[in-house]
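The structure that follows is given in the form of structure tokens.
The letters A, B, C and D name the chains in turn, as written, and every chain counts its residues from 1.
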Amino acid sequence: MDVIEYVPTRDQYTYTFGGAAPMMRVRPGSVLRIWSDDAFGGALRTVDDLSSAKVDLRFVNPQSGPFYVEGAEPGDTLVLHLVALEPARDWGASAAIPFFGGMTGTDRTVTLQEPLPDTTWIYELERERGTVTFAARHSEHRVELPVDPMLGTVGVAPAGGEVRSSLVPERFGGNTDTPEMRAGATAFLGVNVEGAMFSIGDGHYRQGEGEACGTAVEGAMTTTLIVELVKGGAPAWPRIEDDTHLMSIGSSRPMEDSWRIANADLVGWVADLSGLHVMDAYQLLSQVTLAPIANVVDANYSVVVKAATALLPTVAPYDGIHAELRARARSLGSL
Amino acid sequence: MDVIEYVPTRDQYTYTFGGAAPMMRVRPGSVLRIWSDDAFGGALRTVDDLSSAKVDLRFVNPQSGPFYVEGAEPGDTLVLHLVALEPARDWGASAAIPFFGGMTGTDRTVTLQEPLPDTTWIYELERERGTVTFAARHSEHRVELPVDPMLGTVGVAPAGGEVRSSLVPERFGGNTDTPEMRAGATAFLGVNVEGAMFSIGDGHYRQGEGEACGTAVEGAMTTTLIVELVKGGAPAWPRIEDDTHLMSIGSSRPMEDSWRIANADLVGWVADLSGLHVMDAYQLLSQVTLAPIANVVDANYSVVVKAATALLPTVAPYDGIHAELRARARSLGSL
Amino acid sequence: MDVIEYVPTRDQYTYTFGGAAPMMRVRPGSVLRIWSDDAFGGALRTVDDLSSAKVDLRFVNPQSGPFYVEGAEPGDTLVLHLVALEPARDWGASAAIPFFGGMTGTDRTVTLQEPLPDTTWIYELERERGTVTFAARHSEHRVELPVDPMLGTVGVAPAGGEVRSSLVPERFGGNTDTPEMRAGATAFLGVNVEGAMFSIGDGHYRQGEGEACGTAVEGAMTTTLIVELVKGGAPAWPRIEDDTHLMSIGSSRPMEDSWRIANADLVGWVADLSGLHVMDAYQLLSQVTLAPIANVVDANYSVVVKAATALLPTVAPYDGIHAELRARARSLGSL
Amino acid sequence: MDVIEYVPTRDQYTYTFGGAAPMMRVRPGSVLRIWSDDAFGGALRTVDDLSSAKVDLRFVNPQSGPFYVEGAEPGDTLVLHLVALEPARDWGASAAIPFFGGMTGTDRTVTLQEPLPDTTWIYELERERGTVTFAARHSEHRVELPVDPMLGTVGVAPAGGEVRSSLVPERFGGNTDTPEMRAGATAFLGVNVEGAMFSIGDGHYRQGEGEACGTAVEGAMTTTLIVELVKGGAPAWPRIEDDTHLMSIGSSRPMEDSWRIANADLVGWVADLSGLHVMDAYQLLSQVTLAPIANVVDANYSVVVKAATALLPTVAPYDGIHAELRARARSLGSL
């Protein structure tokens, strides 16, 4: 199977979901190998590169894309199977951006206090050992942390003609910033416009749940993914299936609403797939779900609600496409 | 070592943290084996026992205790190491209580809509197989789920002379409803009054994160725990250490505030223990924490933020008391 | 009619709703003239008295009371008609307490930022002109503001055996901090315990809606009020009637929940009084209510929803007791 | 002075802020007389027109515009002085749209409950008496309510290339749904794109604060306004000045964040205008602001914080343009 390479030039970076012309047309079934820059557009390369000087929050998370998926129409389900995520640089960067993040007043949770000290951390990648190294900046400490690559942003064009910043997680996916968006996962996104117009970016070499300081170990990434299309069946909110779990992602404010969205979507999904009455699905999931917070720092907060497939009635979401894609991905192994 | 048995009579049940006379005085170092009734006081025994008829939300989560810990003074740290949690009945119960839970309007998130159908589910315990069986009520399905016993409520008397319902999670612990409160965990609670006055209850044979429908697999429980006391060092919010993680629990509303509380507490705890500058602790934890939601249904919502000890600087919280208690617990093995 | 004077000694101050023995027993129909200290217990008397040194947030809003109302039983409605509020000192105080207030991180909305500068402002009362004078502390400006006396806290003992700090607004009233609690208003509170056990305090010589910095022009107050009792009819949340409006007060978090509580209570109240279908009451009130925020700074946030009686169907809440109390109050004019 | 009339055809309606080509170019100083359709695009004309059949929430609040203001550049301040708002039909409509509004679960605050009954109310306008008549639908009652015309949406194109639905209130204005947006008010909006690209719509013949049921007395409107431009000085959030008050409008979630935004903006505005230290502005405003909720039903919740100019240091925002526009508006009286 052919693999389509996509490496954008800097002037091809896009900073919105919706509102940009397609960079490429792809057919369902295509395998793409996409390079994406880091959240800062590569602007933070040493600890002396401060975000207050080099980062404009209106233009972060540069997207690679959008890609026009042939045949995709509103109401369809875009399926993106993440085959592999490979760090594309030998270092990642993180920053405590003034008035951005979870432990500071922000432009929404406004206070009159002074900002936290603007600080940049650089994480060296040890490719063979599969680690990135944290090096303290205001004290002394170094520690290697396992690499666990993920994509902070995976999204399609929004509904209703909206165009949203790539800093936003919403119904259309976007900047959900969940570690669940890793290799082996199949993402399902409702299509809102012809061609779906998906894009990806904001690679993280690793991230804690919540993304507390507002930024992960941000790094350029090479992502291999398979694009598929299911006619109809558009989920209202992003969903993920991996080998062990079904997941729904809610993104809103306050955070209990993010959870409500994700939990209700998962209840409805399981009820639809299994024939369980919605009250029974509600009860069963109450006893088996995990509910990891994804981010508490973006324009909306994101929460994942997930259930182990082994504890559910036998279900095959979207006709079992995840298992089929896993098999297809394995056949790419020799790439 | 002697084990002190405590089985309350029904008139010894308490429904508050604070405000009750001590049921027993115990010395630090004591091993207690405590029976606690389920959240409903045993009122839901068949699927025909409906919560609207049999449950008064002002009097749920009957507590076993309070216990007066000798020598405990305000500012001290109460240490409770959970040795074993054993289901004390052969069934657990769960219910969709009208206007209570995460997928319905409540007395706070008030709507004018009709309630969801009042439904009770009974889970038979298969003790040998270590499972409870979900049986659908409005449709057809049965599935065995692994037992994972935990305590929904572990708390002390509040500060400032307050008395709080056993439905409330707060600084003093209480109804945090996190699956992390399981055997093998050591809980740390700040002491607010002489004797600490701790109590436990609300056993769950298992619970999903979020406790979505408002109730877990509620069951009477026999809990074996070791009581210890550290002079001073009172944490502002409940903390847990187990063999792999340090955890802080925040309980407030909206849920982002619960997370902020827990995350800030963990950042401060790690900074204090390790000597890391708080900005470095903030950064390091941003990349390594897990952030599972505990409950979205109680008087306050609870969030756990946890970090793998293996990824932190070498630390020994409270002089390494967790490891020491684990050893002591093992020596009780022949009980 | 006799007027009962009550001036507590300092050791008679109470700091909770519930949990205190009654200071006095009063009969329905009684007129009380109650002195209450300011929120700081008089600790801030000059601009050099800083809250960080002199205020313990566990012991603010000293209450005058509790008063045991003869005949009051759970489910009854306590009626308190505020006849007159007179500043009892010649100055009020306000403070930006560190990590307390609406424009700073707090113990709930935790950040890692430094606190705002701890500052105290003293407002001189010009009794004849009916003003208090703001005098800037970090810059130069003075301006006289009209006095508009109100009570920050009016409450009864909570349900379920709870005891709550006098910093808390809740179902039982308490620290709602609304300027609507002024002379001429009749407050309705559901009775939870025998004797109702009401108390008042936290006088404000004036306050903006929201109480943004966390404190109003805090001042000792002499309050004249008439106590009445309606058997049954306990409202779930505090209500107020004045000569022009019906009001409900919701106190919770997040603030939309406070609004939901107040709005639903007012819809239900009007529907009950008028016979309007709840959907029609919902619609009519949607077009006529005012919704002033009361406080965004306390343990719960408070919102008032109010409707002009003139735009409602003819209603006489609690058998027209407000009009009757207004008449009775006028007859006290010669006091 | 010439008055420019603008009456869009239906195919000229726009449903977004940003993303639409300008309908007209206007010079600063222009007087416009703009017709706008109601929120439903005129689809609800009798009580038998139900929103579930006739309203698509992706396409409500049709905008008249956008208007390109000559000379407007990013960072400038667009000034819109509302001279007159005249109901353009003889009736208004309101509806309880399923899963939309403040007293129901929504697409964000998701519950599993059934929707409220889909109901439409038609309000006849009595032009001479200046009233609209509420007529109950599920019970019997009629009452005339005073007309108080306002615009639910006044906005410009967003920053960062975003395009937002006309259902959204945000930094760019939009669907703030505050009764303060009435004749006599001067609105200030930060310009984000060349030409500002402002539009208006969503006229309300009257609305309660909070817009509880999700819709006001929605009506087609003829709005006379003067367009002005101040170079530079762009406020971060919408501001209003009228003859008595300065106001800031915050729109976010949860609602305390909306308040924080508005309050911080007003504190900063007053500090900038007056030279007061920000802590003194914070204190003074704490004692004088009003804080009416605007809406609790839109994509973001909106809160107005306002201060009486008479209680502030002498200030002349934007060089006193409001007073000058009032004078200009009076000179139009003979229109």
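Criterion: contacts are C-beta pairs under 8 Å (C-beta built on N, C-alpha and C of every residue); 3 or more make two chains touch, one makes a residue touch a chain.
Computed from a predicted structure; not experimentally measured.
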| item | value |
| --- | --- |
| Chains touching both subunit A and subunit D, listed by label | B, C |
| Chain separated most widely from subunit C, comparing mean CA positions | A |
| More contacts between chains, C-D or B-D | C-D |
| Averaged-CA centre spacing for the pair subunit D and subunit C, given as whole angstrom | 32 |
| Centroid spacing, where centroids are CA-atom means, of subunit B and subunit D in whole angstrom | 47 |
| Multi-partner residues of subunit A (at least 2 other chains) | 103, 109-112, 116, 253-254, 260, 263-264, 267, 279, 282 |
| Touching residues (chain side subunit A, partner subunit B) in the complex | 94, 96, 102-103, 116-117, 119, 121, 134, 136-139, 141, 143, 145, 206-217, 253-256, 259-260, 263-264, 267, 274-277, 279-280, 282-293, 296, 301, 303, 305, 311-313 |
| Subunit A contact footprint on subunit C (complex, rising order) | 103-105, 109-116, 254 |
| Subunit C partner contacts - residues on subunit B that touch it in the complex | 15-16, 18-19, 58-59, 107-112, 159-165, 236, 252-254, 257, 260-261, 263-264, 267, 278-279, 282 |
